[in-house]
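Below are two complexes that have subunit A in common, paired first with subunit B and then with subunit C.
On to the complex of A and B.
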């Protein structure tokens, strides 16, 4: 196996070898990434300045007019509002519930492994299946929700949760939160195991109550887990498309349209590829801001906690 | 039943019985939706229409499963999904290992920045690259084949695979590598004969994650395929819903059968799955 150029004393030869292997090993992944991710990303920017319809080979460069259209597009405005509602509630619900579950599970309660599996299981289901399940929960005639309400109140109750503009978006958010809670739960659980037990024990011996301990010691120490959870749920909810597509399709009357949904409709239903591209550019910029904040916060947290 | 183990956690958190009861109630609430699908799949359409979906059935009805398994389209959806999921899982892990090895063991000037750019690919909304990719694959005649789905999932998997493999390779002591070099091994031999065999658990993490994501994906097959023979299982479920509009039991059985591979993987490799989720989330 020992080749002639492999004398370890030969520093220059070693550096040449390293360079050779860097190129050989790094080229395939970077090439695939560049062709299938980076190039399309840049192309999207390009298309967003054109009026291409997806079919014809001649299209014009239209400057910023797609972005001007965004300003006057009532549906875009609606989709942006919905995206913000979607992101904020998809952030609060699973994060808070996941934190509570993690704190409860951290108490070394009997059967914690079993509980953990149950809370985490929805993560491995596809958005399509989750959507299916929740369509049935909201089904007006025999859905679980209406059945329960009828049982409790004793009155006939046939509200169509997903077909009413007032409740459609929020109903999907509940389904989404049900699936995502397990993720924030495990991240918080990982954060909890990193807290040194001496800190908790000394606070217990100083007579701090459980609530005080959770509020003043544990939750502040979970700050880096929180950063991760927040960034992940923002990014995940920005990507959220599948579950809306199957549960409401953005309806009724666009009341549950988000930017991702709006972009799909404009591009692949109306074939306004140029305009769809400019919506995706806006999506990208939002993601970029979130990622920037995320990396900065993470570095700050690292500096504080080492 | 309501006992608790006396561990160091018990003096930090009081009332183990209360916590156990709260967790039990929450887990029933959490499990209810999934159980609903299971119950629907063993009931007749008539029973469900009469409002009997959420009750425990007096007898088991397997007609829905017979219907699903007899449908030749379902078998085709399964084959298509496997043909995409297995190779794309494999390819993304291979490419991620190559990149991860260089970033961990052969760093160079600017490699940190390059790594950061690569990893941030994990966070971007897929809608941003959708149109140019559609155009690319359309121009080379690959639309309505399984190729674009495989290629895109391979590429989309590179960020997370590079991240996890780099983090794992970094934990391999430098002496191990140096000793191998003194023995005359080259980087390829170190990667394939030493680094990868030492990283089996990281590979298991990635295999579990990637398989689940690709199997469950809906957006890319929706964009890249048109004919029923090329559809994957998640699109298939949605399509078949039209065929079985009010046959809720069949829909339930279909959803369950389609989720079976990922549920089995999850239950067996739960440890790896959770590890991957938490590791992918925190900075390396």
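On to the complex of A and C.
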């Protein structure tokens, strides 16, 4: 059998072919990325300086007036506070609960494989399904939560968790954390397997209590897992629109609006696309700052722990 | 491994481009449509009416239904992407006005006149629902009436034989029901809009249709004594415990179920509730009935409230002829109109539809609208969308804590004034 011919002319031809196929194969994903991500992003920036209502082709440039309006929009400030509450809670609750569950399941608890599966299951469900499940749990007349409270207290209890402004946002945060905890737990469990058992055994033989071992040995050695958990929780919390949309839609009367929800309502319910775009620009800048801070901290952690 | 050579690839791309270029020519016989009739009965019935159109003409319908609430967003997204369907369903009133102002609709005056729709469409509906900025844009497909729907057995068990016609009679009815251990009124305001009918009727019956029209157009304020009076009457009903607990936690179907089960006696809702209840096996007249919202002030014209579902044509339609044919057929064909109104629990927009097609409750609704002095669109269709958003939130906020009514109304007046400037 004759081998391939390696003349310089053939080599140049093959290189040309490779370049051609590289372009051909890269073009579709780049086009999709440009059309679905880059173009809408740039469009949002553009429309944030207009008074476009989404329907009309006759719209005007209004300069910075949409951004000025943000400062007088009380719902924007309420949404900002809710966004901070949402992000901090969505970061802390699943992280802490995931760590506690991982520590419990890493010990020799009977049926830990079963519990691992149970705790991980919610992450396999879509946010819409999780939202619907929790709507049923919170249902005031026959929901699981109120029924449970009634069973315990013996009194009639009909609190409408999702319909009251004081509890709506926190009720959604609990549903969100319930789903996300499984992910943190699995990452921490993987991190725990990487901790050498000799260190834990020697610290135990030198009289370190369980609490001291967790605080001074396990948690510091789980720093890389924590980094991953925080990164994922942060990204997921920024994306956490769907569950809020399903469970409260920002209601009752805007009390659980986050910035993303406020942007959606202004754009698609009030038909103020220009103003909605300016909110999305502010949201984009906030996300950029948070991610910037996160990467800076990540570098510091890398420098300390290698 | 066999490579595709460049010639083959380019040849394939050219072939695909050719197919793409020739497709619009083939699509001339296709009419694209998007609509919000997605309830189990509505979706099936609308599909059947489209089949009748296809059978009667050479056109094919390409259907893309979207859920009622999602439709409000979906149609905006499609408009902003300049990809509106040839035909879409829409709510007559401020919403059509909004897109007509944006020049996103095709006028249908010529088709309307040629088809003689003036003689086919009910005049009260045609006058209020089809004209915008001096041109005709919408063909009414059906309309609804909002009334006080009640459980006949619950009323009979409480010894109530006569339904009230005035406000004092209504208060006495609520008192009687409550003393019998029955919650008089169910309301499911989770999605906010079901609460609007209370505001609509209280204001219409106390301040009259002219004042309400001014308020809806931004020529009156939510701080006015007329609005305060209407809200005061609403508050008195809530304070007396006549409304069911946690209205904001329930949807309109939850409230309908509460009445159907007898957990509450009545609910203020549109005639679409009849389609829902009939689907549950309730018998019109025997299991449920309705009475018109009682009069409050003597001398105030009686107005009926409800939405008109219409069909409109996108300004950039690629098949205007097919789209117009479809609109004409759907309102003119009495078979389509009769079947549709029956399935949807709606009133027909076509005056030639035989009234015997209606059940006893729908016939009563038809007569009530016919004998009304005016027909008014419900709140979220009567005022521009940015204002409607403020008002709908106000109703839900009020239902959550009526004791803060003054503060709520003050805030609403400010927010509405801002929204009218948008």
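The rule we apply is simple: the second predicted complex is superposed on the first by the 273 of 306 C-alpha atoms of A that agree within 3 Å, B and C clash if a C-alpha of one lies under 4 Å from a C-alpha of the other, contacts with A are read in each partner's own complex, and residues count from 1 in each chain.
By our rule, a contact is a pair of C-beta atoms (placed from the backbone, for glycine too) under 8 Å apart; a residue touches a chain by one contact, two chains touch by 3 or more.
The shown structure was predicted, so the numbers you read here are calculated from the model rather than taken from an experiment.
Chemist: May I ask you to decide whether A:18 touches subunit B, subunit C, both, or neither, giving the answer as first, second, both or neither?
Modeler: In the superposition, A:18 contacts subunit B only.
Chemist: Answer with first, second, both or neither: which of subunit B and subunit C does A:254 touch in the superposed model?
Modeler: The second partner, subunit C, only.
Chemist: In the superposed model, does subunit B or subunit C contact more residues of subunit A?
Modeler: Greater contact footprint in residues on subunit A: B.
Chemist: Go through the superposed model and pick first if A:273 touches only subunit B, second if only subunit C, both, or neither.
Modeler: both
Chemist: A:68 in the overlay: touching subunit B, subunit C, both, or neither? Say first, second, both or neither.
Modeler: A:68 sits against neither subunit B nor subunit C.
Chemist: First (subunit B), second (subunit C), both or neither: which does A:32 touch?
Modeler: first
Chemist: Which partner does A:281 contact after superposing on A: first (subunit B), second (subunit C), both, neither?
Modeler: After superposition on chain A, A:281 lies in contact with subunit B alone.
Chemist: Where does A:44 make contact in the superposed view: on subunit B (first), on subunit C (second), on both, or on neither?
Modeler: First partner only.
Chemist: Of the residues on subunit A, which ones does subunit B touch that subunit C also touches?
Modeler: In the superposed arrangement, which is not itself an observed complex, subunit A uses residues 17, 24, 54, 141, 268, 273 for both subunit B and subunit C.
Chemist: Note which residues of subunit A are touching subunit B in the complex, please.
Modeler: Those residues of subunit A that touch subunit B are 1-3, 6, 8, 17-18, 21-22, 24-26, 28-30, 32-33, 35-37, 39-41, 43-44, 47, 54, 101, 104-111, 115, 117-130, 132-134, 136-137, 141-142, 144, 147, 178, 181, 183, 186-187, 190, 197, 200-201, 204, 210, 213, 224, 228, 231-232, 235, 238-239, 241-242, 245-246, 260, 263-264, 267-268, 273, 276-277, 279-281, 283-284, 287, 290-291, 294-295, 298, 302.
Chemist: What residues of subunit C sit close enough to touch subunit A in their complex?
Modeler: On the subunit C side, the touching residues are 3, 6, 9, 72-73, 76-77, 79-80, 98-99, 101-104, 190, 192, 245-246, 248-249, 385-386, 389, 393-394, 396-397, 400, 419, 422.
Chemist: Touching subunit A in the complex: which residues of subunit B?
Modeler: 3-5, 7-14, 16, 19-20, 22-23, 26-27, 30-34, 36-37, 40, 48-54, 95-96, 98-99, 101-102, 106, 108, 116, 118, 120-121, 123-133, 135-136, 151-152, 154-156, 158-159, 162, 181-189, 191, 212, 215-219, 223, 234, 237-238, 248, 251-252, 255, 258-259, 262-263, 265-267, 270, 273-274, 277-278, 281-283
Chemist: Where on subunit A is subunit C touching in the complex?
Modeler: Interface residues on subunit A, with respect to subunit C: 17, 20, 24, 51-58, 139-141, 158, 160, 162-165, 251-254, 265, 268-273, 275.
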